[in-house]
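Take a look at the structures listed below.
One chain, subunit A, appears in both complexes that follow, with subunit B as partner in the first and subunit C in the second.
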Partner chain A sequence: MRRSLSLNALLGASLAFFTALIGLPFWWVVSGSIKLPQEIISRLPTMFPQSFTPQHYQKLFQASDYPVYLINSLIVATSTTLVTLVLAIPAAYAFFRLTFPARGVLYRSILLAYAFPSIVVLIPLFGLFAKVGLVDRLPSLIIVNVAFALPFSIWMLRSFLAGVPKEIEEAAVIDGASTLKILRRIMIPLIAPGIAAVGIYAFVTAWTEYVFASVLILSDAKRTLPVGFSGIIGQYQIDWGLLLAGATVAIVPVVALFALIGRGFVSGLTEGAVK
Partner chain B sequence: MRTILKIALGAATMLTPAAALAQETVRLTLWHMEQPPHRVERIQELIDAFNAANPDIVVSQEPQNWGEVYAKAPAALAAGQGPDLLFAIPDFTPILKDIGALTSVADFVEELDGKHDFIDTAVEAYSYDGGVWAVPLYNMAMNLWYRKSVLEEAGVEVPQTWEEWRAAAEALSRDGVSGMGLPANKQLYTDQTVYSVMVNGGATEIYNEDGTLRFDNPETVAAYEFYTNLHQFSPADSASWTWGEAEACFSAQSCAMVMQFSVISTYDTQAEGDAEDLGVAAIPSKDGEDHNTISYANAVMLLSSDEARMEASKKFVSFLLEPENYGRFLNMEPGLFMPVTADGAQAESFWSDPMVEKYREQIETVIENSQNGRLFGFTSGLTFPSIAAISAQNIIAETLQSIVVNGQPAAEAVAAGQARMEEVAR
Partner chain C sequence: MQQSKALAFALVAPALLFLGATLGWPLVQAIQLSLQDVRVIGSPGSFVGLDNYARILSGPAFWNATGLSIVWVVANAIVQTILALVAAIILNEKFPGVRIARSWIILTWIVPTVVVVVIWRWLFSTSGGMINPLLIQMGILERPVGFFATPWTAMATLVFINSWRWFPFIALMMLAGLTRIPDDLYEAARLDGANAWMRFCRITWPLLAPTLGVLAVIGTLLSFNVFDIIWLLTSGGPAGGSRTLPVLIYETAFKGYRLSEAATISVMTTIFLMAFAVIATRALDRTDR
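Up next, the complex of A and B:
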């Protein structure tokens, strides 16, 4: 079927509009990070840099604790992602494939985790973590991030699990596969796109988490990127170049993650699974 | 065997003084909110110098963020993980005082006052309920910043009265330039600029002596009306401004005048940096008589309950206020942090900084303006704990938004503002 020229033009224009809408802020941040300070705050903004300087990046990496914050964030986000996946996959499988008492109630009640704004549980959680010696330690952030990412991750995996034909599992059972084996050898490969989506969700949630990281971490050496970065850009006097350079670097891991596992999204869910 | 025993005994003998010394070492943690890297670096230099001069004390710093410290400090103190020294502004101190984390440092402040001579208003902001709850460290006062060449070109004099101020803003609003950059955000910066206008229109006090609120009065309404009138010469996005946007507007020459603590650092590094052309003046007053301003005497709270740690904390604060160190401390952000002591204002260590030398004229004016500094809720010698909640909720700024953004008449908005203050004070 051939599309008309006008429809093609409309689609092209829409695509260009949305690309610009999403891409321009990124371009603004990235291009601004290499401009001289005078050009960044110029009365007449420049779309393409008229000057070039690496000074903001030099300051970011040489004169600030940004690299420390970056490493801490990578540790917290990566650990959160792995722990969330390790817990969410069997939990989701148990909720959707196994039968046990109060399954429906439990399934719905896990979303109660989102019923309370994080600020409400912040201070009690601080007291709790203080008692067990977890304040000012990165594992405290991993625990909190997993606790908040896990319920939604389980729900997300539901739709992916629901898409796997039951016949595949039944065939495996007939062949004598155990539940664990079915999960590991059949289900996980089939729901790989869902796992990728959950992984990205957990990573981004942990990468951008601010409230708990700002209170549970006391020392500068253990601060994560959102909290540490908000401090180094200043309050009364903002170093705009430093802000733009830091923001540029901060998006790199997320973009890299999408590039690495994003292709999972476009692959067929159960393509070729059943003949 | 005997040889081994001798070695062990010898080693133990050698280690004993070290162990004893380690036991006697007092370790202090300093929390401050000066997070930009160059400020952290300067504070570390001073800490290193102090630690080297006092081998029995080890101070370490943990920079924090103003955004979270109001919740974080009480929680950390309750969990026994709080700092020994914590920087503060006046409305932060009542929070920690109310949870019993503070003891009065009146005697210590008196001793330091005898030695260095504090600016009276700096100490007053922390003096209430029969005690002094923090040691003033540095001052920040709001000023009117402009470029001399821009005013000259427009044939405008530096405004002294509200009428002149409005006329100047109108005359300077041309060719895409905003005559006066004023924020209208529900944020602390707007609290500060609005209050700077209020104190120049006879609306300094927001409390009566009995603790009831007197925010809703004709002087406050007049100040809001004037501010709103002036705000029409601000850029369209100023309803979402914080300090940084105002400074950028001024540095980019998009705003002819701004109210700001200091623009020196940004003007020097991101704009033309011509010290001769940078003008600073006191905030114009309604009648041109007394010029007042909002000022924040930042201070340090001493939180240790342990006597040895408290003494060590005092030693560190004394060290910071010594003229040979104090200037270096203030110049962690040249042009922004002003001295709160008489000998600090004369200190060679303060005036010898290259940036301070370059902008000496402006800094002298800022110091002069800061002498008339006021802070809402801390003006009468009586401080009421509810000021912390009123400040945290940005009700002064919220009232302005009701007028500027929602178009509510000033009298109604101020009355509603007082009602809100009473609500959060309960």
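Up next, the complex of A and C:
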């Protein structure tokens, strides 16, 4: 569809506005992390760094516990992703293809869990974890994050399964393939983009989770990045250079993951929501 | 057939059991806890019936927080809907780089909340932050302002930051609705002489309405539950000006050590939210038909 000149101008202006709205804060943070302290807090902020120093990164990795938090977060997020996929793929397939009693009710209650105010279960879960000795251990966070990522993951995978042409499955049935074999050999490879999307969703859920990690983890050596990092915010009397460097490093893993396998994520997110 | 039923259960059971143990069972326990008088985690409590409910419903803290939560949800809904709708309409156009824009718009949502907090705390700060000098240069402000210093500005700033984080997510869902509107409709309207604004009012808006309805429900639930951005930026302050229900629950449980009261508030919150979700989905189903 061709656009008039004025519409084009409007489009360009809005596009510039949104690029600035999203891009500028990130640019300021990333570029700020290599500025000298006096430039960071200068009265007239600079668009491009006038100074260069690696000192904030050195301090972050040598004088703070940030590397420990980073590793803990990577462990929690990766495990959350794997467990979520192992649980979500079979469930989504069963909800999508197989008939069983109470299917509708169960599916709807899973969707309801997505809307669940998570803080409600925080107190009882703490008690539960205390009883089985999981408090102050990373597996407790993995369990919690899987619980939060699972409902939406099942929802999203189901819509990806719905996108596979029915004929492919029917042909496999005629060839005598069992349900499990169809799932393993045909459906999973075909919905690989969907699996990547769900993987990102679970990873991001775990990577950003703050509340439960702040309550369930007690010792500093087990802290994940959001909680540990927010501790650094208060601990040093606002050392902005250190915070900007820490923020930059915390962005890197999710951005890298997204750049690698993020292509299907956006469509997965949107398709799952509207269907 | 019998065998396939067993197989179906075998596939679904792990996920269901997991959710039952991590969300369902704790919810039951939260209800139990709300009927007792436990103060610190692990200490025993005795049954007090509905005393907690009566006390909380008659005090001001719960109602203040409920009011703030409603303000929070409504303000977020307005800001996010406007930003997301404009963004979605742009992303639905064809221009160089649109594919990149469509995936990377989500950047604000995939980074940890704590990073969002650091970014905006710095940008809004009076030492080196960009917002104050920018607003002074544009002539909107005369001197630097402490954005988190008064209840009203703190709330407005929090709404802006939370909307910034969430609007791309909503925009992508709207985009999915937009791409489903056939191009022919717009073409026909153009031939009939409809301008861009008329095309938006007569085609885009009515056809997008069902999607917007679903998003209103999802968005309400999502923003209602936001805790970490508020907690990390203002801790519910200043003067309780941003103490929404999730903040109140967290404070009551982990700062005030009144577990049973916190459980009571959270149970009421859950009932309220679930009722909203059920009624809203029903209403949407009806308009769909």
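We adopt the following convention: the second predicted complex is superposed on the first by the 239 of 275 C-alpha atoms of A that agree within 3 Å, B and C clash if a C-alpha of one lies under 4 Å from a C-alpha of the other, contacts with A are read in each partner's own complex, and residues count from 1 in each chain.
We take it that a contact is a pair of C-beta atoms (placed from the backbone, for glycine too) under 8 Å apart; a residue touches a chain by one contact, two chains touch by 3 or more.
These numbers come from a predicted model, not from an experiment.
Asker: Based on the superposed arrangement around subunit A, label subunit B with subunit C as either clash or fit.
Answerer: After superposition on subunit A, which the two structures share, subunit B runs into subunit C.
Asker: Once chain A of both complexes is superposed, is A:186 in touch with subunit B (first), subunit C (second), both, or neither?
Answerer: neither
Asker: Scan A:136 for contacts with subunit B and subunit C and give back first, second, both or neither.
Answerer: The first partner, subunit B, only.
Asker: Scan A:215 for contacts with subunit B and subunit C and give back first, second, both or neither.
Answerer: After superposition on chain A, A:215 lies in contact with both partners, subunit B and subunit C.
Asker: Considering only the touch criterion stated at the top, classify A:41 as touching first (subunit B), second (subunit C), both, or neither.
Answerer: Both: A:41 reaches subunit B and subunit C.
Asker: Counting only touches as set out at the top, which of subunit B and subunit C does A:91 meet: first, second, both, neither?
Answerer: A:91: touches subunit C, not subunit B.
Asker: May I ask you to decide whether A:261 touches subunit B, subunit C, both, or neither, giving the answer as first, second, both or neither?
Answerer: neither
Asker: Please indicate which partner A:68 is in contact with in the superposed arrangement: first for subunit B, second for subunit C, both, or neither.
Answerer: neither
Asker: Between subunit B and subunit C, point out the one touching more subunit A residues.
Answerer: Of subunit B and subunit C, more residues of subunit A lie in contact with C.
Asker: May I ask you to decide whether A:204 touches subunit B, subunit C, both, or neither, giving the answer as first, second, both or neither?
Answerer: second
Asker: So in the superposed three-chain picture, is A:112 touching just subunit B, just subunit C, both, or none of them (first/second/both/neither)?
Answerer: second
Asker: Which residues would you name on subunit A as touching subunit B in one complex and subunit C in the other?
Answerer: In subunit A, residues 40-43, 122-123, 126-127, 130, 215, 227, 230, 233, 238, 240 are touched by subunit B and also by subunit C.
Asker: Spell out the residues on subunit A that touch subunit B in their complex, using ranges where they run on.
Answerer: That would be residues 37-38, 40-43, 59, 63-65, 122-123, 126-127, 130-131, 135-136, 214-215, 218-220, 227, 230-240 of subunit A.
Asker: Which part of subunit A faces subunit C closely enough to touch in the complex?
Answerer: Residues 1, 3-4, 7, 11, 14-15, 18, 21-22, 24-26, 28-29, 32, 40-45, 86-88, 90-91, 93-95, 98-101, 106, 110, 112-113, 115-128, 130, 143-144, 146-147, 150-151, 154, 179-180, 200, 204, 207-208, 210-211, 215, 225-227, 229-230, 233, 238, 240, 243-244, 246-247, 250-251, 254-255, 258, 262-263, 265-266, 269-271, 273-274.
Asker: Contact residues on subunit B for subunit A in the complex?
Answerer: So the residues of subunit B touching subunit A come out as 33, 35-38, 40-41, 61-68, 71-72, 75-76, 78-81, 140, 176, 243-244, 247-248, 251-254, 261-262, 265-266, 269-271, 333, 336.
Asker: Considering the complex alone, what residue numbers of subunit C touch subunit A?
Answerer: Against subunit A, the touching part of subunit C is residues 4-5, 7-12, 14-16, 18-19, 22-23, 25-27, 29-30, 33, 41-42, 86-87, 90, 93-95, 101-103, 105-115, 117-123, 127-130, 133, 164, 168-169, 172-173, 175-177, 180, 183, 186-187, 190, 196, 211, 214-215, 218, 221, 224-225, 227-228, 231-232, 246, 249-250, 253-254, 259, 262-263, 266-267, 269-270, 273-274, 277.
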